[in-house]
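Two complexes come next, and they have one chain in common, chain A, joined by chain B in the first and chain C in the second.
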Partner chain A sequence: MRSTRMSTEPPLLAIEALTIAFAGAGGETRAVEAVSLALGRGRSLGLVGESGAGKSQLALAVPGLTPRGARVAGSIRFDGEELIGAPAATLRRLRGARIGTVFQDPAAALAPHLTIGTQLGEVLAAHALGRGRAARRAALAMLERVRVPDAAARLGQYPHELSGGLKQRVMLAIALIGRPALVVADEPTTALDVTVEAGILELLAELVRAEGTALLLVSHDLAVVAGLCDEIAVLYAGRVVEQGPARAVLAAPAHPYTAGLLAARLTLDSPLDAPVPAIPGGAPGAGPRPPGCGFAPRCRRAQARCRAAPPPLAAQGAARVACYLPLAAGEAP
Partner chain B sequence: MTALAALESLVVEFRGAGRSLRALDGVSLEIAAGESLGVVGESGSGKSTLARALLGLTRPDGGRALYRGADLATLAGDARRRLRRELAIVFQNPAASFDPRRTIGESVGEPLTVHAPALGRAARAAEVAALLERTGLDPALAARRPHELSGGQCQRAAIARAMITRPELVVCDEAVSALDVSVQAQIVNLLLELGRERTLAYLFISHNLAVVRRIASRVLVLYRGRVVEVAPRAALFATPRHPYTRLLLDSVPAFAGPSPAALRVPPETASPFERARGCVFAGRCPHAEARCRERAPALEAVAPGHAVACLRWREGVAAPGA
Partner chain C sequence: MRLAWPARASLVLLALVLVLALAGPALSPWHAEQLDWQRMAVPPGLDAGHWLGTDRLGRDLFVRTLAGVRVSLAIAGLATVVSLVLGVGYGAIAGYAGGRVDALMMRAVDVFYSLPYVFFVILLTVVLERRPATVFVAIGAVGWLTMARVVRGEARRLREREFIEAAVAAGVPAPAILWRHVVPNLAGPVLVYATLTVPALILLESFLSFLGLGVQEPAASLGNLLAQGAQEMESAPWMLLVPCSFLVATVLALGFLGEGLRDALDPHEH
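On to the complex of A and B.
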């Protein structure tokens, strides 16, 4: 929101024609297919979609965490450096120091046998950002920044001694202590209680704002993205179906899937006297995708050409939409 | 009139390693036939223990769980079997609640082998097919195994299995929480339709307030094993009286971002093994006074059907932005 990107400056993160595919018994599954996205310094981009949309695979490819055995094609440039096919040592150097990561389940992501202080110190030591007393001071300061109460005592504690919310704050501290240029957060609040979630989201927003860190956020919840991100990309069956400024896209979605997702979402104001406007059918499973638009089998507007070839992303207003029959502003899906 | 199901001052404790955790601490509730009661609470509130107690799957350490006025702890023989037929449950993770080696048809029809043993194979298969169809599934899926179904299909099958004995009360424990939003909406609609068609009573447990609001006509709010508020839907969402209910409402993710009021409330720091002497929410409550930590507030009637356990409710402590 605050940084105005100069047209001459290359984006911090540029993803071009990225495809991530997994071999399976029924044929190859393209978890991510021909996705291109860019993220500027200090900007935030939310990846939204349902299970199987490819949002987590897309985000995890950035810090080089794609599972072994996947076929990866295309390009991911981070600060001008190509990451696809980069040596493991390069990716290790970037992770922690330049790219921080926050995952859904902090219990699984934290090392259970190491104290919180040791885990924070390891990030600093690995990237030559400090050792010994200086590292301890930095770790303490970072825990205080993420508002962990009794921070000094926590340095000597193990992950299992902390509540879920506190573990997630520690994860944020580990992700941010190396002062990365980019934080990749995959469903960072999904495993948390709702009254804890708000605090973590606010903290994340405040930290990226204060540090000028760019944020790539994966979420199934449109409200989480709306509250946190400048830009949104909606994924379905491995492809971006709509992208643009988060506010504009959510106020007037043009892709029938985006509009359907918004309508199906129950809120505290949803009408009580009519059925919930659900999207018929379910997300596609593993295996080869049908040839046309991935959403066509569930789309009420679909026509023959939608099933023949996937529609390209085309500009519509402030957004870009991959649909032959996009909705006009306010039109029902 | 006797309620269909009821809990009377129910206490359930878990013991181990020399410690005890009071999962439910004097919970009372009633569910009338055909009524849907929502239960909201976060992790550790005791919601799943409450579900188990209501089904007679947990032996209480105090109080009673009643079904049609009979104490579940003392039911035996035929009465117990009948109870099993009239009560059903749908869990959060449908794939895990099916035996992976059995076909969907075998699992859905399994309750009939117990409760309607006289029914022949063909008649049972016909019942299964009819219910699969009613829950929106192709009856041909009866021959498939759980791993061949999507999450939404599995949950429809779990609902079919719950409905096959024509139960009076169905307990839904986070039954739509693991589903994608677009599929969640379908399942919510299905539960609403079945509830109307069959005059089912639901105990609908969820951490998602928006989903509970859509399904339940009455809502009970649980915190650390105690009921802090219970009210008809309209009252609970429009004029909550407990500061914790207010916090839950303020915490629902909104497009405008987190509410400043919700952010002022600190997370719980007390261990679940600690037993609060006073109000269970006092440690987090922005309105707590010394007396709140000393004395546990009793549930007090606010309006017909609306009760709250808060010493300060009359002062409007749960008003927006209070």
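On to the complex of A and C.
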């Protein structure tokens, strides 16, 4: 596996020291803090973490969808172009055409009052990719590529006439119809039935592979990331705690948090009477965070220096880990 | 959508008033500005086709009232359309843009609101001729302000909806988002508010005409008919009661219809 960091061409997406903060009554909450990540052309990166870890904020900052009122600092370079502080027209040109976005809940993200064909055509029209009959043909072809059955009839239907799985296929079609170089998928299957989840993920993997599209996938499901992504970044309290090749990280997690997440997974052969394994404690809420490692309050291995200053990301095998006391391969957290 | 019975009854009553206003005058042998020298101030009856009586100059009240209904409805209807177009456009832009643009646009609305209205109308009637068109301009200038506020609030709420964010994420330009995503979703509250605006504007027109600032003699409007009727209230009460009952029926029916629409379109009521 060729690492993007070692290749000579600049990565498609380079996030440097990104901080996203929200002002609140109790002080500033840093949803994302000093995160640096890179994603090469045609490669895939999975962002995992608990709810509130900042993974969605991080991913949605790429197409510039950070909520109003947030303070954003750092740098996001897409294909050599700086996106933070970029004029609205630049962002609009990139969105839909170069960066596609798949939202979590297709029932909310599809406009209820517009037909599927109109919504697909709208993306094409926004980027001068086709109008009228040509747009209709392109929309039909795209619906067929996301394997929506009876695609021609669906063009004239409204979102409420489609099942949840079909809606998410349409959402994928909207994200991909502009042939973007990068797709940002924010928990694309969280709102769906488990039975349709696998189908959507398979389709997403197949589409990005076929098109050579880079994928930034947000998930709280390690199995999903393991199956879909080349690389993984584990977030905790707004910081990357571990990142590296997905397979290597999941086979031998070095950060106690990653190891805890892995241990908390249930499988079909988990004993039914045993308690569900969990990481003790809860994720930090809003407000300023204590100095030191965000995970220290829940970490059994934490020492005084863990609470004093946050550990930097340091190379550990194939991965990079932000921990003073990383686990050796196979060691229990 | 299912309307409650008062709203449905109001629809029937409104249709009746409208048909009468349009077709009624043709049924009568008289026309609105014709004087009947033999029968001045006669009470309602079958005498010579003056079904609802005549006024002091012998003009047929049935025909004059219906002509007045027509003028009042036309002014209120047109002003409502103007307030719809202006208010929805202005409010949607302010609400969707948000931030400083919103603050600036809504402060401008506040300034318009705080102008002394009657003074403004008197000024208008001095500058312009006293014609129905002037009344229409005066009413239209004010009617859209509340609509703009209603729409702006609604647009602000819509802006946070995920399908709008998804359209932004797809690179759809702001004007297209406004036109295709925001405006169609305003239809419910706008429709309700427009139905409630028509009666308010009818009353406003009547008020202006009653004061002599609106539609002028010999043209009839509900307002100036009421003003004349009020002078004869003791000797010839029908001159007040006839236009009054038409005004009350129309305004009440529109009010009930608006309430009915609001309840039918309110998602919380289901």
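The criterion applied here is as follows: the second predicted complex is superposed on the first by the 321 of 333 C-alpha atoms of A that agree within 3 Å, B and C clash if a C-alpha of one lies under 4 Å from a C-alpha of the other, contacts with A are read in each partner's own complex, and residues count from 1 in each chain.
The working rule: a residue touches a chain if its C-beta (ideal position, glycine included) is under 8 Å from a C-beta of that chain, and two chains touch if they have at least 3 such contacts.
Since the structure is predicted, the reported quantities are computational estimates derived from the model, not experimental observations.
Chemist: Is A:250 contacted by the first partner chain B, the second partner chain C, both or neither?
Modeler: first
Chemist: Which partner does A:109 contact after superposing on A: first (chain B), second (chain C), both, neither?
Modeler: In the superposition, A:109 contacts chain C only.
Chemist: According to the stated criteria, A:83 is in contact with first (chain B), second (chain C), both, or neither; which is it?
Modeler: After superposing on A, A:83 lies clear of both chain B and chain C.
Chemist: Which one hits more chain A residues, chain B or chain C?
Modeler: B
Chemist: So, A:170: does it touch chain B (first), chain C (second), both, or neither?
Modeler: neither
Chemist: Quick one: is A:15 in contact with chain B, with chain C, with both, or with neither? Answer first, second, both or neither.
Modeler: A:15 contacts neither chain B nor chain C.
Chemist: Quick check for you: in the superposed arrangement, does A:94 touch first (chain B), second (chain C), both or neither?
Modeler: second
Chemist: Would you check which partner chain A:227 touches, where first means chain B only, second means chain C only, and both and neither mean what they say?
Modeler: It touches chain B, and chain C stays clear.
Chemist: If we count contacts the way the header does, which residues on chain C are in touch with chain A in the complex?
Modeler: Its residues touching chain A are 98-99, 161-163, 165-173, 176, 180-181, 184-185.
Chemist: In their complex, what parts of chain A are in touch with chain C?
Modeler: 63, 65, 68, 92-97, 100-101, 103, 105, 108-114, 118, 122-123, 125-127, 171, 174-175, 178
Chemist: How about chain A: which of its residues touch chain B in the complex?
Modeler: It is residues 50-51, 149, 163-166, 193-199, 201-202, 205, 220-224, 226-228, 250, 260-261, 264-268, 270, 272, 275-280, 282-283, 285, 298 of chain A that touch chain B.
Chemist: Touching residues of chain B toward chain A in the complex: what are they?
Modeler: The touching residues are 42-43, 150-153, 180-186, 188-189, 192, 207-211, 213-214, 237, 247-259, 262-263, 265, 267-269.
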